[in-house]
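Both of the next two complexes hold chain A, though its partner changes from chain B to chain C.
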Partner chain A sequence: MNWRIVWTLVRKDTKLFFRNRFFAFVSVLGLFAYIGIYYLLPGSVDETIKIGLIADQIPPLFEDLQEEGLELMLLDSEAELEQRLLNGDITVGYGLPDDLMAGLLSGSKQQIKVYFSYDFPEELKDAYIILFRELVFMMTGQELNVQADEVLLGQDMAGLQIPPRKRMLPLMAVFILMIETMGLSSLISAEVEEGTLTALFTTPMRARELFVGKGAAGAGMAFFQAVVMIAATGGLRREPVLILTALLLGSLLVTGMGFLMASGSRDLMSVMGWGILAIVVLALPSFSVLFPGLFTGWIKAIPSYYLVDTVHKVINFGASWGEVGINLLALLGLSLAFLLLGIVTLQRRYR
Partner chain B sequence: MNTFAINAEELTYRYGDLTAVDHISFHVAQGEILGFLGPNGAGKTTTVKMLTGQLRPKEGKATLLGLDFARQPKKIQAQIGICFERTNLYEQMSAKENLELFAQLFGVKPFDADALLGRVGLTGRERDRVATYSKGMRQRLMVARALINQPSILFLDEPTEGLDPVSAEAIRNIILEERQRGATVFLTTHDMLEADRLSDRVAFIDQGKIVALDTPHALKQAYGKRRLLAQVIGSDGKLVGREIVLDVPETPDTVHQLFSQEQVVTVHSEEASLEDIFIQITGRGLV
Partner chain C sequence: MNPRRVGSLFWKELAHGSKTFMFIFALLVPIVVTLVVRLLLGTIFSGKPRLGITDLGESQVLALAREIDSLVTRQFSSDSELRLAVESGAVDMGLVLPAGFDQQLRKNEPVEVNAYLWGESLLKNRIILGSTIVFLLREVSGIEAPVEVVPITVGAGQTLSWEERLFPLLVMVTIVVGGTMVPATSLVEEKQKRTMRALITTPATVGEVYLAKGLTGILLSTFVGVLVLLINQAFGARPSLLILTVILAAAFSATLGLLLGTLTSDINSLFTIIKGLGLLIYAPAIVYMFPQIPEWVSRIFPTYYLLAPIIKISQGGASLSDVWVELAILVALIVLMVIIVGWLGGRQAQNAE
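Up next is the complex of A and B:
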């Protein structure tokens, strides 16, 4: 391996990348945009559940719930409740009859209304109805003879819920890495289209030096920008070496994918086509961080899962090397596999 | 071990069912300019690609500077310069950056890009991006790039095609300078006048086969006729053409009769062009 040639190629590709105005602009703009979006998103999670009540006064026992993280709001009318619900000021609303307690004590059936907004999760609706029934049992002295003890696995996140912007970080990292990879692919396809690759191959440069040079340039640019973004958003405060390792492996992974995309592309448009498809697929694991429970086990078949999961666990839960070691090994294996596959495919295509 | 700069033995290349180059054999001596002539699609560029390592021959072998291309391609490529048929420069880099990049790849130190650019007439535009260059300027830069490593063998594939006369002449002068330096030049062209003027020997390639290979003079001797063309005043007072074939026994008498019996207005000699000879050999023209 002639490292002088490799270094020459890295410098050339870096120079050409920033002379491609589109990718240079998108890279810089993207970096600022991601950091800006991060700081615009809420930095904390409001864990209180706000319940609106149409009633003369707050019924007994309901008051006790306020100490359990519920916030009760007495409202004058059904119209006001509906408006507050639609505005998102309250999570759920109960319309209680004026003489609820008297009615309950007399044994007559009481009619209440439970209000939900149109987008309220279906599976939670029953929970709020059951909650009310349970309270009624308690108010009428018919408490069920069941003692429920809470057993929590893992860290108790009560009061420590991960804010949306922290959940966005893995998604942003994947976006940054993939945008840089599209830049690398477009550089390669431009070299083929313009015939400069042929000129390079007729010098003393060997194919392996070309691929190491291209890989180093592509992975380097992707890694640098991902590190800047993570650092600017405070993601390097916990286990910086671990995060840097994960990002480096992620950069190698997407570089391999960049080689694959370049081998299947003839021009910038086809690079964009493949690139967008890859971004959509690789971003899926990030959505499972944003919306836990969205996907089942098959999400682990997507290579970016191991990067996303590692970044998420380290930044948001302070995971250690031991806890994400398997992820890193999987990421290393996948990165090497994709790099090898990309190099072989590219070599077969253009030699 | 031979001392030829290029030695091709039974070189063959096929694109699917089409045989582009069909078992051609030739050699080029060190310091020689070989004109490789033929119409479009005859197999010229495919031959260059095999001789420069861009294509691997399906059959046969090429030896350059005594080295087998199949075994030591990079050692050979370090000693050759190629000016491709299609311009392939980094458009978003300047001329100087293009040359410096390739100088670094060839490991040329120290390297004076300005001097080389001056040699091809690009002084004053060194720092402009190639994307702003005219076709002639790009071609001059292509030639400059081929000279970076002071190559022992220079491959020039249609170096003057489509160029203005000034640019074409500049490139021809560089080819002659390189021969003076001792470089071997493999010149691919379908410009017969250019080949005639520059080449020590010319090879005609047609449909993948070499159909003639010799010095331009020998080819003209073998295939062409030298003639004397005269214009005389006829009996009706109008100009009439006369043609006298040279190099035959009766030539002296015919020439004597022309000048003694006719009123000669103009006279000039004419010899067969390489194009005439190519047509004679292959039965078709060069385009």
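Up next is the complex of A and C:
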């Protein structure tokens, strides 16, 4: 292996990449956009129900529920409640009659007003009406003869919910890596279209130097941008070496895919076609982080799952090497397999 | 202008263009996006807590739960299947109802149920699900609530669901991707492969070539636009007026595509320009998503006049008298674009000669 030739190739490809205005523009813009979007997304999760109560005092039972996700606000008048609702300070308002408890104990049916803002989703109103009915049932002490054997599955995240921006990070990492892969494929495609690939093979350079050079350029650019994005969003605070290893393996994986895409493409438009298809498929596992339960076990058949799962577990749950070791091994195996497959396919097509 | 030549060029565009990536992309993307948006807004983005039920007997609880709009209820055939669904977060809470559950409940006999709770479920979903499950059990046991609840709506204003807010963007993407991208890429590819020069050395004129490419964009854009309106059940009360408006919108998009194709010499530059113009093109649709932004802001952008009439007719039931001003401006814009494209295209042809 002649490393001088490899280095020359890497430098040439990096220059060519930035000369391709489309991919260079998209890459830089994309990087800033991803970081910007991250900071625009909510950094916390509001998981409580804020209730405004028109009453003399908060019923004792309601107070007990404050630790379980209800936030109660005692209000003086209907006008104040309406104002609070319109300002978005409370989710829902309940108007309790002064003699509620006495009325309930006497057995007469009490009338309760439930206030919603005009923009409250119609289909969710039932939930808050039912919630209040059940609170009143609890106040009357009427309990059902049902024993629930409750099992909590997974880590209890009550009060520690992962904000949407943190859930978006794996998706952003995969997008950045894949956009870079489209850049690598376009470079190879351009070499084929312009006939320079054949010219390169007539030099002393051997095929393996060409692929190592191309691979290093592609993986390097993908890795660098993914690291910048993850670092700028605070993703390297926990287990930085582990995150960097996962991103490096991810870069190798998408480089192998880039070779495959280039071998199956005729021109830049075909690269785009294959590239968009690959991005869609590889992004799917990220959606299972964004919307848990969206997919079943088949999602593990998509290679990017092991990258997404590792980044998610390390950044959001503080997972260690031991906890994501299997993922890293799978990612390493898949990256090597795709690199080999990509190189062989590309070599067979253009030699 | 020879209609026969335009016809044969148009068929050539359809025959060859329909196999290109951009044509398939323009055809499939709006349909896929429509279906995905409808699926996501109906379930994941609905904000509703999700309840899973495994009924080992013949309980009424499942049927009653399905009647509650504020829940997403799913049935699972076994305890293990339900447990897996809760573990993966497919549902927030799972309930296993034993055989003879309803009878025991009605007789007020002690009854045990298994409940699974997903660790990542939000506190508010846990509260709502907890109270709703108890409500369902009371319904089955026939216990009457001691209160009568009167819902009151406070304030007045325009309320738009996310489905309604995203609809204009979807229409815009549909019309613009098909109408603009297809003629633009086709024109640029002709230039890159140097087939444009070959074409205009035949009896076909530049105008005829441009018209054929524009017609392809209009046909594709109209077809997909109508299809997306149908899928979204947004045809309104005046379908003929709506189709006419979609055709005009597609025509404007096609002239924009021809202009971009004329101004750029390679695919890379074309995509760079489209990326840069994206925000300006889609701005009116983005304004629709946020009702707080005054409507006059979107009127600044030319694409407002292709989007507004479609939305007003399909969602607001507008008639011709309601949208004639926007349509007249749209026609004027199309005429203006045709003049500019004709002038630029003519100049390029002269330079090529």
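In this text, the second predicted complex is superposed on the first by the 252 of 351 C-alpha atoms of A that agree within 3 Å, B and C clash if a C-alpha of one lies under 4 Å from a C-alpha of the other, contacts with A are read in each partner's own complex, and residues count from 1 in each chain.
Methods note: contacts are C-beta pairs under 8 Å (C-beta built on N, C-alpha and C of every residue); 3 or more make two chains touch, one makes a residue touch a chain.
These numbers come from a predicted model, not from an experiment.
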| chain B versus chain C as contact partner of A:317, first or second or both or neither | neither
| task | Pick one for A:115: touches chain B only (first), chain C only (second), both, or neither. | result | second
| request: Mind telling me which of the two, chain B or chain C, contacts the most residues of chain A? | output: C
| If you stack the two complexes on chain A, which partner ends up touching A:8: first (chain B), second (chain C), both, or neither? | first
| task | State whether A:153 touches chain B only (first), chain C only (second), both chains, or neither. | result | second
| Which holds for A:69: it touches chain B only (first), chain C only (second), both, or neither? | second
| field | Partner chain(s) touched by A:25 [first = chain B, second = chain C, both, neither] | value | second
| message | According to the stated criteria, A:224 is in contact with first (chain B), second (chain C), both, or neither; which is it? | response | neither
| What part of chain A is shared between its chain B contacts and its chain C contacts? | 20
| chain A partner contacts - residues on chain C that touch it in the complex | 20-22, 24-25, 44, 46-49, 68-71, 83, 85-91, 105, 108-120, 122-128, 131-132, 134-135, 137-138, 141, 143, 145-157, 159, 161, 185, 189, 267-269, 271-272, 275
| chain A - residues contacting chain B, complex | 4-5, 8, 12, 15-16, 19-20, 194-196, 198-206
| task | Would you tell me which residues of chain A are touching chain C in their complex? | result | 20-23, 25-26, 29, 45, 47-49, 65, 68-70, 81-82, 85-86, 93, 104, 107, 109-137, 140, 142, 144-159, 161-162, 268-270, 272-273, 276, 291-294, 296
| remark: Counting only contacts in the complex, chain B reaches chain A at residues 52-54, 74, 77-78, 80, 82, 84, 86-93, 97, 101-102, 104-107, 145
